[in-house]
Amino acid sequence: MLLKKSIPVSYIFGKIKNELPYVLVVGLVVNYLTGHFRNLIPQMPVAIPTFIGTAISVILSFKISQSYDRWWEARKIWGSIVNESRTFVLQLQSFVSKDRQKEIRSVAYRQIAWCYSLGQSLRGLDAMANLDKYLSEADMNEIKRHMNKPLAILQLNTRQITHLREEGSMELFSQVQINNTLVNFSNAMGMAERIKSTVFPQTYRLFLHYFIYIFVVTLSIALTDIDSFFEIPLLLVISSAFFLLEKSATHLQDPFNNLPTDTAMTTIATNIEINIKQLIGDPNVPEPLQPERFYSL
Amino acid sequence: MLLKKSIPVSYIFGKIKNELPYVLVVGLVVNYLTGHFRNLIPQMPVAIPTFIGTAISVILSFKISQSYDRWWEARKIWGSIVNESRTFVLQLQSFVSKDRQKEIRSVAYRQIAWCYSLGQSLRGLDAMANLDKYLSEADMNEIKRHMNKPLAILQLNTRQITHLREEGSMELFSQVQINNTLVNFSNAMGMAERIKSTVFPQTYRLFLHYFIYIFVVTLSIALTDIDSFFEIPLLLVISSAFFLLEKSATHLQDPFNNLPTDTAMTTIATNIEINIKQLIGDPNVPEPLQPERFYSL
Amino acid sequence: MLLKKSIPVSYIFGKIKNELPYVLVVGLVVNYLTGHFRNLIPQMPVAIPTFIGTAISVILSFKISQSYDRWWEARKIWGSIVNESRTFVLQLQSFVSKDRQKEIRSVAYRQIAWCYSLGQSLRGLDAMANLDKYLSEADMNEIKRHMNKPLAILQLNTRQITHLREEGSMELFSQVQINNTLVNFSNAMGMAERIKSTVFPQTYRLFLHYFIYIFVVTLSIALTDIDSFFEIPLLLVISSAFFLLEKSATHLQDPFNNLPTDTAMTTIATNIEINIKQLIGDPNVPEPLQPERFYSL
Amino acid sequence: MLLKKSIPVSYIFGKIKNELPYVLVVGLVVNYLTGHFRNLIPQMPVAIPTFIGTAISVILSFKISQSYDRWWEARKIWGSIVNESRTFVLQLQSFVSKDRQKEIRSVAYRQIAWCYSLGQSLRGLDAMANLDKYLSEADMNEIKRHMNKPLAILQLNTRQITHLREEGSMELFSQVQINNTLVNFSNAMGMAERIKSTVFPQTYRLFLHYFIYIFVVTLSIALTDIDSFFEIPLLLVISSAFFLLEKSATHLQDPFNNLPTDTAMTTIATNIEINIKQLIGDPNVPEPLQPERFYSL
Amino acid sequence: MLLKKSIPVSYIFGKIKNELPYVLVVGLVVNYLTGHFRNLIPQMPVAIPTFIGTAISVILSFKISQSYDRWWEARKIWGSIVNESRTFVLQLQSFVSKDRQKEIRSVAYRQIAWCYSLGQSLRGLDAMANLDKYLSEADMNEIKRHMNKPLAILQLNTRQITHLREEGSMELFSQVQINNTLVNFSNAMGMAERIKSTVFPQTYRLFLHYFIYIFVVTLSIALTDIDSFFEIPLLLVISSAFFLLEKSATHLQDPFNNLPTDTAMTTIATNIEINIKQLIGDPNVPEPLQPERFYSL
C-alpha cells in the first residue's frame, strides 16, 4: 500500500518507461512524414482525435473504477480476516473449557500461521516460510504434503476443534458457532484466491493501448501547424497522462503481486499476531511492522 | 478466461469480421455520392456526429460496465463454489462419526461430480460426461431421469446426509449446519443459471449498432474535404474501436458459452477436485488443468 | 424478457410513435420561422445545443443504469425464488418424517401455486387463476378472503409446517430451519412488490423530455444553414436516438407490467414446477413454457 | 412518492423560484456591462463556459446518483419493514402456544403502532399521534418517558416475548428465532435514522451553485454577439436545467421530510396494518390510504 | 459532519490556500513569457487543454464517488454500531436472568465506554479519555496493558457474558445469540479501522495535481489573445473549481481525522449512551451533544 509520503518520481515514471519511447518514435516519424509530404497528407480535423480521446476516457474510467473495486475488495477481505481472527480467539475463550488453555493457545497460534501463510501464498512466495515459529513439527509435516498450505492449516484447526468437542471440552452447539468462523476463514481465503487468479479482461487493455497509439498518430497529424519543437513534448505529456492512468489501474487490479501497491498483507498479519497474543495474554508480542520508504507490504 | 499471454490478432479482429465490411461499403457509397452530388449535399457540421458519438459512448460505457458485472458475478459464484466445497468436506469431517469414512468419501465424490456437471450443463454440453468416474451406477441411473442433472446430484447428497443423521451418525444440529452449505450450493447453481438464462436487454445492442451506422454516415459526410484515400481507413479505424468494445462486452456478458472469455469452470472444477481429494487423503490427485494457448476453460 | 431473436422494427419504433410527430412539428415550425424571419433570429452557436445534449446524456446515463438495476434486481429476486423453492423441497425431505409424503406433496404444491400467484399478482392479473390445479378447495376458500393472495398461501404453508411439528413429525429445530426459507419467500415477495409499487422519480422523466425538446429547438435554429430537406430527417434521427433510449429505460424499470421486457415470471414459475415435481417424484411434469415470437413472459 | 400522474408545472418551477431571479439579474447586469464597455471586455472563447459546464455535469451526475441511492435505500428499508412485519406475525403463530391468541394480537398491534410511530418520528412529527388505537394505556405511559418512541415500543414487544418464553408459552429456541426478527426491526429503524440524520456533504451543493453562477457569467460574456432579447431567455432556460436537476436531487436525498418526494411511509404503514390484521383474522381492516393529487405520503 | 448551516467562506477557501498561489505564479509566468516571446510560442489549439480537462474530470468523478463511498461506509458502520448497541441491551434483558440487573448494567456501561473509546482511537486521540465514568478501576487497569483499547473492552464483555452462562444465569443457546452481536461489534470496529488505515491510492492524487497544472499551462498559452487582466482571474476561478472538488473528496475519504467533515462519532456515541441508559432505566441520561458552529463531531 502506498503511504502518505512523497512518492519518488522515479517510481511514477518507471511505470511508463516502456511506453514513452514508442510515443516519441511515433511522434517523430509522423512529424517527419507530415513535414516532407505535406501536400499529400490531408487536413485532419481536431474532431478525429477528440472522438478517440472520448473512447479512451470511457474505457479508462471503466478500468480505473473496476481496478479500484478489486483493490478495495482485496483490502476488505483482509479486513475481515482481522475481524474474524479476533472473534475466533474470543469465541475459543467463551466456549472451550477453562482447563484447555494449552489447546486454545495452539489453535490461536495456528491461526497466526494461517494469516502469514495465506499472504505468502497469494504473493507466490514460499507459503511455509517462518511457520515453524507458530506450528509444531507434526503440523509442519502434515502441511508439507498439501498443495494448498493455508487450507491444510485450516483443516488442522478444524480437526483440533472437533477433537475438543469429542472429548467434551466444548458443546456441539458451540462447535457449530466456532465452525461458522472457520467457514468465514475459508471464504476469505477463497475470495482472495479468486482475485489473484482472475485476469482482468485482457481485451480492454489491448484496446486501450491500440486507441492511445491511434490517438497519438491522429493528434500529431492534426497538429502539423505547430512547430515540432513544441509538438513532440505535447504528445508525450498528453499520452503519458493516459498511460500513467492505465498503469496505475493495472497495478491496483492485482493487489497480491509483491508490489508497492499491494494490500499490506504482512503488516496486517503482524497486527493480527499482536492482537491475538494480547488476547490470550502471551507476553511475546512483536513490534508492528515498519513500512518501507513510501509503502508498506 | 483470457490469460496474460499475447492474444492473437486474428482472435481480436475475428470478432468484428462481420461488421467491418458493412462500414467499408457504407463509407464507399457515401464517398461516391458526396463526390458526385457535392453541390446537392449540405455542409454537415462536425457537431452532428459528435452528438451521436456522445450517445454511443453513454450506452457503451453502460454496457461495458454491466457486462463486466455479469462476468465478475459469474466468477464470484464459482469462487463461492470453491469455498463452499472445501467447507463442505471440513464440515463432514467435523460432524459425521469417525467410522463413516466411506460415506464421507462418497458424498465428497458426489460434490466433485456436481461441480463438473454444473459446468457442462451451463455450457450446454452433456451434463453427465465423465461423471461415472465419481458416481456409482445407481447414482448415474437416478440422475438420468432428471432434466436438471446437478440438482439431482444435490438431492442425492441431501438424501445421504439425512440418512446419516437418521442412523445416528450425525446430530440433527450438525445436519442443519451442513444443510446450510447445501443451501449455498443450491443458491450458487441458481445464480449461475440466472446469468445463463437472462438475455441482456437486446434493445441496447440494436440501438448501439443503429447509432454506430448513423455515426459512420454523418461522419463520412462531414469529412468530404478529406481525400477518400484517407477517409475510408479513418472511418474503419474509428468504427472498429466502437465495434470492438461492443463485441468484447457482448462476450463478457455471457460467461458460460464455451468461448475463450468464459469463466474457467473446468479449471476451477479440477482445482476443487484436487482440494477435496487432498482433504480426504485420497492419493489419486489429478494434475491442475493446463490452459489453452491464450485462455483457459 | 426479449430473446436473442430478431426484434421486429415495428416493436422498436412503436415505442416512440407518440414522440416523433411532435419533433416533426417542432422542426417544421422552427424551419418556417427561421426561413421567414432570418434577419430577426440570431446566429445560434452550436455550443448551446451541445450543452443541453450534455445535460441530456448525464440524466439518460443515470436513468439507463438505474432502470437496469431495477430490472436486474427483479430478475435476481425471481432467481432467488427458484433457488429457495428447490431448497424448500430438499429441506422438507430432510427434516419431515418419511411417513408424511402426502403432507410434503401438499406443501410443495402450495409452493408451486405461490409462484404462479405471485407472478399474476405482480402483473395486476387475477392472482387466483389456475391455482385450483395445485390447491385444495379449502385452501382456495381461505385465500379468497385475503387481499394479498400470495401472502395467504404463505400463511397456509407456515400453518401446515407448524402442524407437522406439533404432531411430532418434525423437530422444533428443523422447523426453525425451514422457517428461514419461508422468511426468504416473504422477503422475495416483498422485494418484488417494492419494485412494482415504487414509481421511478417522475421529475427526471419530465426534465428529460423538456430538455430533448429544447435541444431540438436550439439545434434546428443552429442548423439554419442546412437545407430543410436534410435538416428535418437529421433532427428526427438524433432526437429518436434520445427518445428510444429513454423509452427502453422506462420499460426496463417496470419489469412487472405484462410487457415483452418483463421478467419472464411465467416461464420461471413453470421451471420451478418442473424442478419441484421431479424432486418429489411426481410423474405429471409439464413442458417448459414456449416463448413468444421474440420474447418470453 | 410522486405518482404516474401529471405533475403540476407550479410544483416543478416552484422548486427553482429562488434561483431564477438571481440568474435574471446576473444576465441583465452582464448584458448591460458588455453593452457599455464592449471594447474593454475581452472576447471570451465559448470553450471557457464549456469547461465549467463539464465540471458541473460531473458533480451533478455524482449528486443525482447518490441522491437516488439514498432515496432507494430508504424505500428498501421500508420494504424490509413490510416483509419483516409479515414474517413476524407468521413466526408468532408458528412458535407461540395456540392458547396465547390475546398476547399474539397485542404484540401484532404493537408492531403496527411501531410502523406508524417510526414514520412520524422520521418526519419530525408527533411520534405518539394516534397510537392509542393500537396500544394500551400502560404502554402509552411507558413510551412517554422515552426520547426515542419507536425504540420504546420495540422494548415493550421484546419484553412481552421474553415473558411468553418465561411462562413456557414458547421455547427458548423459538424466542431466539423471533429475536432475529426484532433485531431486523432495530436495524431498519437505525438505518432510516441514519439517512435522516446524515447531511449530504454540503460542500458539493455549494460548489454546484458557485459553478452554475460562474457558468452563467462566462456564458453571457461569450454570447455578447447575440441580441439580449434572445440571450436572457437562453440563459434562463439552460441554467434552469441545471438548477432543476440539482433541486430534484436535493429533495430525493432527504426522503423523510414530509415532502411529495418522501418515501410513502404512511401508505406503507397502512398496508402493513392491513396485512397484519388479515393474518391474525382481525375483521377491522382499514382501507388502503388514498394518494394526494400527484403524490402519496 | 457538515450541517445544513451556512459554511464560512474562510473554511471553503482555506482548503485551497496552498494551491492558488502556485496557479497565480504559473499564470503570471506563462503570461510574461507568451507576451515577450509571442512569435516563438505556437498557436495552441484550445482542444489541447480540453483533452486534459477531460482526463481531469474522469479521475475527479472517480475520486469523488469513491471518497463518498468511504465516507458513507464509515457512516453506515457507525449506524450499525447504534443498532447493535440497542439490540445488545434488548438481548441482555431477554436472555439473562432477571436477578442479574447489576451485571446487565455493568455490561451495558462497558458498551457505552466501547463506543467512546473506539471514536477516540479512530481519531488518534487518547482512547481511555473519560472512560472511568463507565468502567470500574479493575477494568481500567486491564485495558491499560492492551495496545488496542476497544478490543480489550470487547474482551471484558465477552468474558462477563461467558461468566454469566457458566454460573447458570443464561443458557448456552442465548449466549451464542448474544455472541453474534459481539461478533458484529468486532466487525464494525475492524471495518472502521480498515477505512482509517487504508490510504486511498496516492497515485491518483498526484496525477490529478500534475494534470491540473498542465491544464493551467496549456490553457494560459491558448488564451494569449485575452488581456492578462482577465486571463489570470479566469485561470484562478477555473483551477480553483478543480482544486476545491479534489480537496473536498480528499477530506471525505478520511472520515476519522478530527476534521469538520468527520463522521460525527462523538455525537453518535452520546446518542447511544442516551438510548442505552433509557433502555436500562438509568435516570442519569446526558443531553444530546450540541453541534459546533457549522459541523458536529
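The first chain written gets the first letter, and so on, giving A, B, C, D and E; residue counts start at 1 in each chain.
Here, a residue touches a chain if its C-beta (ideal position, glycine included) is under 8 Å from a C-beta of that chain, and two chains touch if they have at least 3 such contacts.
Everything numeric here is computed off the predicted structure, so don't read it as measured data.
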item: Copies chain C and chain D touch via same or different residues, half shared test; value: different
item: Chain centre separation (chain A, chain E; CA means) in Å; value: 24
item: CA centroid of chain C to CA centroid of chain E, Å; value: 38
item: Chain C, residues touching no fewer than two other chains; value: 50, 54, 61, 65, 173
item: Topology of the chain contact graph, where touching chains are joined (line, ring, star, complete, other); value: ring
item: Chain D residues within the chain C interface of the complex; value: 1-4, 7, 12, 46, 49-50, 53-54, 57, 60-61, 64-65, 68, 71-72, 75-76, 79-80, 82-83, 86-87, 90-91, 93-95, 171, 173-174, 177, 223, 225-227, 230, 234, 237-238, 241-242, 244-245, 248, 252, 261, 274-275, 278-279, 285
item: Contact footprint of chain C on chain B as seen in their complex; value: 41-45, 47-48, 50-52, 54-55, 58-59, 61-62, 65-66, 145-148, 151-152, 154-155, 158-159, 161-162, 172-173, 175-176, 179, 182-183, 186-187, 189-191, 193-194, 198-199, 201-204, 206-207, 210-211, 214, 218
